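You will see subunit A twice below: alongside subunit B first, and alongside subunit C after that.
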Partner chain A sequence: MTGWRPKIEKDSKHQRATPTGSETLLEVHNLKKYFPVRRGLLRRIVAHIQAVDGVDLSIRRGGCLGLVGESGCGKTTTGRIILRLIEPDDGQIIFEGTRIESLPDNQMRLLRRKMQIIFQDPFSSLNPRFTVGGIISEGLKIFEADKGRQYINARIVELLRTVGLSPDAARRYPHEFSGGQRQRIGIARALALNPKFIVCDEPVSALDASIQAQVINLLEELQERLGLAYLFIAHDLSVVRHISDEIAVMYLGWIVERGPADEVCEDPLHPYTKALLSAVPSADPHARRKRIMLKGDVPTPVNPPPGCRFCPRCFTSDSSVCPVEVPPEREVRPGRFVRCHLVK
Partner chain B sequence: MTDDSSLESAGKPAASPLWETWRTLRRNYLGVAGMVFFLVFLVVAVFGVAVTSGRHPIMDPSHIRLKERLKGPLSHYNPKAVEDEHKPPLGVYLLGTDQLGRDILARMLQGAWVSLTVGFVAVGISITVGVFFGGLAGYFGHWADAVIMRLVDIMLCIPRFILILTILALWGPGLFKIMVIVGLTSWMGTTRFVRAEFLSLRQQDFVTAAKALGSSHLRLIFRHMLPNALAPVLVSATIGIATAILLEAGLSFLGFGVPPPHATWGKILASGREYLFDAPWLTYIPGVTILVVVLSFNLFGEGLRDTLNPKLRQRGA
Partner chain C sequence: MASADDGTLLDVRDIRVTFHVADGPPVRAVEGVSFTIEKGETLAVVGESGCGKSVTGLTIMRLIPSPPGVIESGEVLFQGRDLLACPEREMRSIRGGEIAMIFQEPMTSLNPVFTIGFQIAEALHAHRDVSKAEDRKRVVELLRRVQIPSPEEGFSSYPHQLSGGMRQRAMIAMALACNSKLLIADEPTTALDVTTQAQIFELLTELRQEMGGSILLITHDLAVVAETADRVVVMYAGRVVEQSPVNELFDAPLHPYTRGLLESIPSRNAGKTKLPVIPGSVPDAAHKPANCHFHPRCPYARQKCSQQDPELRQILPGRFARCWALGDWLET
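On to the complex of A and B.
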């Protein structure tokens, strides 16, 4: 993870951000997903895993929201609920002004061409029995079959070029490619239908550091060229900071802090964000940093702590409020939302 | 920023999956032997139906030569007792004759076709039903899964042989009935296989990706999941054919098989029982044939299973 260095200066991103405007593409309110835990002969529901518990998000057209958190905190579930690959239990998902959380299947399928997903594991995300051309053109065959074989073939070549693969890759099978190349194939598949929004579910976590940088750069380039919006899920803050213009930090099904990427990274408000940032290795060996060591482990989402979920591991908690009262999400400073009693 | 250099080394043009399967299977000698016997059996069965059917077959399996009873294998025919048109080919009873002087070779050839069709049609039915139910149970889960799997449990509780005997006793014997009944009572294993495969495939990212691309349920099931679930089905099919052949032979042996004068291996075996000491070839020939065919199907099936196991496959790049 440490070998990766940002390619472009921070400023260029913000110049890019202004002309696209700040129109909202996707909004999520109070999203909830509880997975039932079944036990015993009768498979009775004995408890619920509170994977996602009241998440609010919004993503601008052409923007990128980075979603970070430890494994098991509900990042992936959130991403998949937004695409309706997992059904939400509660909450609203508004995509381009339409409520999609309870759209019937046939209408949802029409919307799918506008929202796509890139997966973490480049090995299980490609069908081993399809050629690369078949994988990339699957979406086209569903939505644009009437345009003919010739159009689809031309599009496959175009997409392969877009992601930096040679056109003769189309006839090969996925197992003939390396991890980075396979991830590019996955990106080409996601781009095939010209989506507006892509959920990148830890797209670089399974790759080598050098390949990570290539894939990140490709994603940035595509965002700029095609005006894509990303929900960029990762557990590595340095990667997320580089590509996102907003960051949301997740902990045990809650978003504990969200705000503009640079502000969150320069001046974290929530104690969990502070701890996460202190774990990011610095390029400057002389920089003086205080590493915040969190005590204990992430509590189980089956039985989360009452009050603030971060309280048992917090180094600033106030014993009178934090263990008892659930902190609401508050806009502490303009554009900066925090779920903590103690942040002023 | 592109990794063109590594793309060059990505390997030769795609080897077809079939070729890859053969490459791996080749190293499994028993599996290859099973496959060879399998193919020989196919040819023999087709050849057999060609020479034993029609109004004037080249070899008549039901022609009775009372003066030529219980002749041993490789014995010459008696030109005085048999008219020219009913003499065995080459003038020799290659596998001998039975208690009515019928040519065992002709009867075995006729029976091969019965065994083949019973095996394939019964397995075809059981695979179709099994894949359908297994796919439904594994893909939709919840109550579909519960209902189908309980049905499987119930079917598995019923002793199959007794059930088949009952049905045949009620409705009378017949080749077609046997095929259908054997097929409809042997789909449970396939259902379990397919369900298990679908349950694990459903969690795979490439299936989620296909769903995210807007695939319909049918497209997901038949285009994305089923081809990836077929390997164990193929294996259980080859072994299922062997089981069906055995089952048919058993039914024929008990007298519930295809009505006479049509010959089947089980019937030849059954009629030979009374002459076990005078004419042992009557039991050995069909018995050893059934053994060899069933064994070769099983070996071929197991060879396929090992071959189609992706963990044993050599993957390029």
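On to the complex of A and C.
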């Protein structure tokens, strides 16, 4: 549980580019993505959505980092930047010791074999015109075509078995499957090229309770068997806690708290994490309790508040610093990082 | 028969709804569902996708699309009066008046050509005398209560300009404007994240306390049920398989399906590496297993379960379940 690397100082550029020990698989530093907002006939840029604004993360080999936060806080954008499905405006992405944020396309394509994504919506993420076999083998046909038709067919069967589907699913079409089964097809597709790392973007949010558990178990089993690392994005903290060894909490484009999963859940430090945890319904009717209600309008990342972004909704803020000064990320306990002026 | 003052607000009796689809066998979406809702009570209906929750809610409102849907039998007694037998004209004034509904898909009930503010004001007018001048203020206040960011702007937005979550909140604001005796909320917070969800439930609870109305909460999220319901109806494949007060249900679920569902919740499995699962998957509504619909997935199933249909029977005071094996495993 000690996967968090100490934060690297801003001036040590060289160090960042070199491998940071065998433990760390992926690191990102100061990641930024501003989406332009265009208006009017001339489509002039009138503002920027600061979707991701200076994010630092790290994921161990075979580890799982849970990324939680409210809708629109930038989770999906972060996941997609890491895979370079969206180009970052600033920051470094270091995968297996290599800086990848500005790798040319042809090299990036080779790297994508090792980095895959499972999408949130099992209903729209599979091409309805392809058979399941075709969907799963798309990547194989690009990267391993030289191994021949027979190899690919055998691999499809193997992958279907791995995710608990029968081999004859290969000839059928996505609409013939239930949500949980479709999510398994998405997982099989992600596994096809033996990746090291998978971004799971809300992989179970659209699924029913009993199917959710099947998919979570499968992901955990695969992690153990294949040594996979995950970035697990979700808004359900109980799911995230179950599967992750580290958790990062995101608010309006910032990581406001990160640390070992159990510590963050049992002893949250940032006021937003506290509110988020208290909002999670507990599945225990005896534990109905007073929640911390966040006040104020939900802010937008177009004009984030100056100073601390959480300040306008915070219940502990100090009016002399919080609304004016941007809180830096600090390591307040070993392995626990917080962006808040007031946490001691 | 339930009268208006014995504490029962709604008495749903043995409703059956079938969809006759062109290219397949008829879909028996709801097969004899019964329950009651007391005044001031929150009753939750839970169950997995396709088990007939929304169809049950829509039957109460008499909004089943027909064709293909047919309400084959049953009674829906609201304050003693059977809604399934009353004229459509009366039904229209009950909808959005004495009974309000928050729909699972908000776009079905928001009119795309009118602003949100206009539509909520309409809801206010339909059932109460409100002066025009007061309108805007009240609507903006409602929008603020459901956490629409910049409610003044929200007032003059059209539905397509809002995100899914914001539409859902606008729907909730509209339902709140009606001040109804019964609110049917079909997955009211599924599109929202946890903090907003918590706010909405706080709001619903507050309003229920203020006006003493009842809520029929339809959801597949058991944690939401644990937080808000007084009593729970568990549905599986078109039928009620268990009905219990919320504490009893979570402490000692009766039906094997309820038991399996509760066991699979991550927060109830802290520290365990593997989540317990119910084997198999929910049957397709057009091809349900004969007799007990749950028997192919049930760890307690025996021969009788596939040969004879169990009835919903009282197992303990106030607690009902539909299961042959129940006697057995209560002992184990």
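What we mean here is this: the second predicted complex is superposed on the first by the 313 of 344 C-alpha atoms of A that agree within 3 Å, B and C clash if a C-alpha of one lies under 4 Å from a C-alpha of the other, contacts with A are read in each partner's own complex, and residues count from 1 in each chain.
Just so it is clear, a contact is a pair of C-beta atoms (placed from the backbone, for glycine too) under 8 Å apart; a residue touches a chain by one contact, two chains touch by 3 or more.
What you see is a predicted model, and the numbers here were worked out from it, not measured in a lab.
J.: Which partner chains sit in contact with A:282 here, subunit B, subunit C, both or neither? Use first/second/both/neither.
T.: Only subunit C is touched by A:282; subunit B is not.
J.: Check whether A:178 is in contact with subunit B, with subunit C, with both or with neither, and answer first, second, both or neither.
T.: both
J.: Scan A:214 for contacts with subunit B and subunit C and give back first, second, both or neither.
T.: Both: A:214 reaches subunit B and subunit C.
J.: Look at A:45 in the shared chain and tell me whether it touches subunit B only, subunit C only, both, or neither; answer first, second, both or neither.
T.: Once the two structures are laid over each other on A, A:45 reaches no partner at all.
J.: With both complexes overlaid on chain A, does A:236 touch subunit B (first), subunit C (second), both or neither?
T.: A:236 contacts subunit C only, not subunit B.
J.: When the two structures are overlaid on chain A, which partner does A:131 contact: first (subunit B), second (subunit C), both, or neither?
T.: Only subunit B; A:131 stays clear of subunit C.
J.: Could you pull out which residues of subunit A sit against subunit B in one structure and against subunit C in the other?
T.: Common to the two interfaces on subunit A: residues 178, 180-181, 211, 214, 217.
J.: What part of subunit C is in contact with subunit A in the complex they form?
T.: Contacts found on subunit C: 48-49, 147, 149-151, 163, 165, 192-199, 202, 220-224, 226-227, 229, 246-247, 250, 260-262, 264-270, 273-278, 281-282.
J.: How about subunit A: which of its residues touch subunit B in the complex?
T.: Within the complex, subunit A contacts subunit B at residues 80, 83, 85, 109-110, 112-113, 115-117, 119-121, 124-129, 131, 138-139, 142-143, 164-166, 169, 171-173, 175-178, 180-181, 186, 189, 192-193, 211, 214, 217-218.
J.: So in the complex, which bits of subunit A are touching subunit C?
T.: 70-72, 178-181, 208-214, 216-217, 220, 235-239, 241-242, 275-276, 278-288, 291, 293-294, 297-300
J.: Using the touch definition up top, name the residues of subunit B that touch subunit A in the complex.
T.: Interface residues on the subunit B side: 1-4, 6-7, 10-11, 13-14, 17, 204-206, 208-216, 219, 224, 227-228, 310, 315-317.
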